[in-house]
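Should a chain be cited, it is by its letter among A, B, C and D, assigned in written order, with residues numbered from 1 in that chain.
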Amino acid sequence: MSVMQGNVLSTPAIVATATADEPKISMIGTGAYLIEAPGAFDLPTQRRIWALAHAVEDWPEVREVVPGVTNLLVILKQTPEEPEQLHLRLGHEWDCARSIDLSGKTVEIPVTYGGDNATDLAAICDYSGLSDREVVRLHWQGDYTVVALGSAPGFGYLHGLDPRIYMPRKTVPSLRMLKGTVTIGGMQTGVSVLTGPNGWNSIGFAEMQMFEPTKTPPALLAPGDRVRFRPERIEL
Amino acid sequence: MMKGRKRKSGSLTAQMLDPATLEQIALWLEGAGVASIEIETEDGRLVRIVTGEDAALRDAGVDPVAAAPVEPHSVRPAKSQIAGHFLPVHPARDAAEAAIGASVFPEQIVGFVGIGPLIMPIRAEEAGTLRACTVGPGDLVGYGDTVFLIEPAQ
Amino acid sequence: MIEVLQTGPLNTVQDLGRFGFRNAGVTSSGAMDRLALMVGNLLVGNAEGEAALEIQTFPFRLRFERDMAVAVTGADCEARLDGRRLPPWWAMPVLSGQVLELDTPRRAARAYLCLAGGIEVEPVMGSRSTSLRGGFGGLEGRFLAANDRLPVAGAAGPAVPQGGFGVMPPETALAAHFPAPEDGTLLVRAVPAGEYALFGAEAERFWTQTWKISSHSDRTGYRLSGEPIRLASPVELRSHGVVPGVVQMPPSGEPIIQMSDANTAGGYPKMAGVIDVDLWRLGQARIGSRIRFVRSSIAEAREAERAVRAYLDDVRCTVPMLAQALAAMSRR
Amino acid sequence: MMSPVPSESAPRFEKVLIANRGEIALRVQRATREMGLRTVMICSEADRDAPYRQAGDEFVCIGPASPRQSYLNQAAVLLAARATGAGAIHPGYGFLSENAAFAEAVERAGLIFIGPPASAIRTMGDKIAAKRAMIEAGVPCVPGPDAALPEDLASIAAIAEGIGYPVIIKAAGGGGGRGMRVVHDPSALGDAVSVTREEARRAFGRPDLYIEKFLAHPRHIEFQVLCDEHDNAVWLGHRDCSMQRRHQKVVEEAPAPAIPADIVAAVGERCANACRKIGYRGAGTFEFLYEDGAFYFIEMNTRLQVEHPVTEMTSGIDIVREQLRVAQGLPLTISQADVRTYGHSFECRINAEDPFTFAASPGTITAAQFPGGPGVRVDTHVTTGYRVSPHYDSLIAKLIVHAPTREEAIRRMRVALADTAIDGIATNLPLHRELFAEPAFCAGQTDIHYLETWLGERKK
């Protein structure tokens, strides 16, 4: 399964996206629409995406909605009879969507920074020109918001990373990164939920279970949640 | 798609005595290198069908010496258990489950009947040699209609 | 109970998939050939989405530990029950102790074993499908191994006729509604997706060339090999949800089709989306086989979907009729 | 609401499966072919060699001889339709013709049942529901409440008075003469009630009693109706089917002799209205008892009847053809104003049975000869060499004559009967010949008890 995974951990190096103020609405196959918000990746845009998701998820023809990074995938129960109509309705719904602030919980994640699992810390230091202590400090001092879940069960894309420690994803992914590894990918950060190949940069390790299939809901994080990293140990 | 050929189901006797069927059976027998065949009908009658002389076999390119010796014993029918259209070969396969001339074992599937979206098997009742198929592909067959003739093993 | 006697890797319990958790990063999973699963279930009197075994590595052998009705659909694996050869797309009652064997199919990739009542593993998030990547669902979230025993629920539907019966394979029954293969090349219908226009004139080659399904293909996705179609400069998108059927164009220029275990998110440019109703055919395409994309439309997809629906309804309606007719005939 | 009339070019079905055997299968098949529709005829193993096998487009055996395994095997009939691509099923009479569940199964399978909607079959199959529906539609019924009698005698007496003597007291669960008492005047009511109630308690385990008007010498008169989906309902005159033995009709005639035309017309109209009211479709028959100038509804047959030819002869309307048209969604070819009946028609049911012991007589017909000539119609499926199977109804032919007057029709039937010869098996031809020489029968207006009484006396 490894070969198909690399692409999901995207850094918006060159972003092909919607024009200045119109969202881009396109179909994927016969049963899904992707609505991509115009403009930058910021929280106000993301909040508008959440508002759109909230408005659309109860439509009778909708099976599920998947919020992404300033975009929303709307999966239909069946192939639409009038695809153009639905396209227009989605556009209209975006126009009407106002920012909603999901009243999320705050999750504190204890982290062991550095150590055996922080194999990419040195590279980040090189890239940023900061010391390892600085990098770790900037990371745990951050105030993060869960933008979306995806790529793996319970994996949260966290927004709020200090721009000084932005780090492009690796050209050669780590082949066996442990589940629980705290990582930086582009302008985002997150805690990996599966052991396996991973292109993000590792800086630490968290024991916390991010996903338990038998729990309701199974994922610890939800869009809108606030995340704080608490440095339990720093091994530098 | 099924061929819409008109086909009446009927008793084995009636089928046997139909000149067209007789001719067809004779052809099959010749093809199989068999000189004569006896068929037991459901009312216990024995019908013997004898093909042409050895010369006819030679004309057909069949070596009479190689022709399988056929003892004058009865031939058993393999019947359809339901009304539908005859499928000699399963639609997902390239070849029949059993070829004419092949040995078959009891309960072996030798052909099929299509009923709308479903398929029912036609089975050999006992071990023997599959001698002839008495209906054409796509023909309508009924419950109890003879579709194959099987020469029982000794 | 059924007991696995012999199996290759990657054979799993699957149903129609797990829905509603994509936004938590949970892939839908589910049978690669959903139609074969649905038909198999209908043959044994189940609801069309009961859990069954998806067999994609062979040989596979299994013993039934009680009398039950089963159906084998999908790829023709020359199935044998206690050594006796069965036709493909076949349902029959089996006895406790009987052994079913499936061999490597010559055509198609996956066979489905449906059991009356369905495989009764604990549903996880509303589905019994195995998520190998997530490690949950199906049998302990893993693929089957020899000596595994799987529980089978009690049958609810009418008894399957003693001598067994079959169904017209969808390929035959629905031949008029699917493009026929050309020189052994599977024609897969797709509609252009979000970034299609970025490829400009190059996009034409997406449709005209024949792609080979590479060996780096599995339930997650098919990597295709062929003459690469690259963008002048690589494009990455913000991470967004994806669905099975999406055809992505990574920088290598060789397409990836996301399949049943599709990633929930992606960022590669999307060239096209395979129409849902053609996904089961892709699910039966083998590694090394060739495919070509045929430009389709939502209207054409709907037309084919209606035909598939009618076929399934016909099977659902006719199966109990056959059972009843035969039962009435055997009663004196 | 008028549903749109489908155009002739887009019929709802092009192939009809005839789910029956014998003369009616052949009768239906002729009408079907006349309309340019294709036919599928089914048979059991016993009927494999039926002479009509050559007549239709397709002929296929669906199961063993026993009716339950073949003609009554609903699923097998539906599968045969599915296999042959038939779009509609004509059930004929008997077998599955009045089976509401079958009608539903046919519709569920996406096919057209050539008959009324299942709901109408169901309502009319339930005696109480049918009676209520008829009372609502203004069709006269046998007087008497549908509820069990109260306990106190005074109330019972009042009910009896309301109905008018003679009345009959019936035990719930009784029948066939058991648990029934006829009361001719009020003085006998008390005893009859208490004796019958005691009998009911002991014999049937339920003390419930019902009361009804007692008809001593009724005739069996029935009205043929036809309805389409476009709110048209017509009645095609009436028939007298009083000539019965153990509820089996032996001879039928149309019209029923000596019933005032105004009474007939009033009842016929109500039957047609009742059809419109219950949303009936296709052909049907309202059966009545008739006594002293009054009609009493007994039941409705929601199908084609054996004796439909006498109505066809007098009305000139092909009832099966109309059934097929209605099933196609087409309007009836006639309105009530177009219905003209002319002359008189008789039908003799020729059965393979001993004419006087009525023991069934299966076997091979060594010679069969049927009459002809003006006004003579023979509906049969048998020919020389035909084997009458013990598995099915013994009806082998229907001899039908038509003439301007009843007297002429009787003379025509006598000649037709004389010209008919069936050898190799016993038939009831001798009974028919004797009946048509019987003065009382020839005079007409005989009641439903006449034949059994006549047979009883003949024995002595």
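Operating definition for what follows: contacts are C-beta pairs under 8 Å (C-beta built on N, C-alpha and C of every residue); 3 or more make two chains touch, one makes a residue touch a chain.
Because the structure is predicted, anything quoted here is derived from the model rather than measured.
Can you identify which chains form the pair with the largest number of contacting C-beta pairs?
Ranked by contacting C-beta pairs, first place goes to A-C.
Quick check for you: compute each chain's CA centroid and the global CA centroid, then name the chain with the smallest gap between them.
So the chain nearest the centre of the shown protein is C.
How many angstrom between the C-alpha centroids of subunit C and subunit B?
38
Centroid of subunit B to centroid of subunit D, CA atoms only: how many Å?
45
Calculate how many whole Å lie between the centre of subunit A and the centre of subunit C, each centre taken as the average of the chain's C-alpha atoms.
Distance between chain centres: 30 Å.
Find the geometric centre of each of subunit C and subunit D from their Cα atoms only, then give the gap between the two centres in Å, rounded to an integer.
For subunit C versus subunit D, the centre distance works out to 55 Å.
Can you list the residues of subunit C that touch 2 or more other chains?
318, 322, 325, 329
Can you list the residues of subunit D that touch 2 or more other chains?
63-64, 70, 76, 79, 82
Please list all residues of subunit B that touch 2 or more other chains.
Answer for subunit B, listing residues that touch two or more other chains: 82, 114-116, 143.
What is the complete set of touching chain pairs?
Listed by label, chains in contact pair as A-C, B-C, B-D, C-D.
So in the complex, the part of subunit C that touches subunit D is made up of which residues?
By the definition above, subunit C touches subunit D via 317-318, 320-325, 328-329, 331-332.
Touching residues of subunit C toward subunit B in the complex: what are they?
Within the complex, subunit C contacts subunit B at residues 76, 84-85, 87-89, 161, 163-169, 171-173, 311, 314-315, 318-319, 322, 325-326, 329.
With touch defined as at the start, can you tell me which subunit D residues reach subunit B in the complex?
Residues of subunit D touching subunit B: 42-43, 45, 48-49, 53-54, 57-64, 70, 76, 79-80, 82-84.
Help me check something: in the complex, which residues belonging to subunit D touch subunit C?
Touch list, subunit D to subunit C: 63-64, 66, 68-70, 72-76, 78-79, 82, 108-110.
In the complex formed with subunit A, which residues of subunit C make contact?
Contact set of subunit C toward subunit A: 19-26, 124-125, 131-134, 136-137, 141, 190-191, 193-195, 198, 216, 218, 220-221, 223, 233-243, 245-246, 248, 250, 256, 258, 261, 263-270, 272-277, 298, 301-302, 305.
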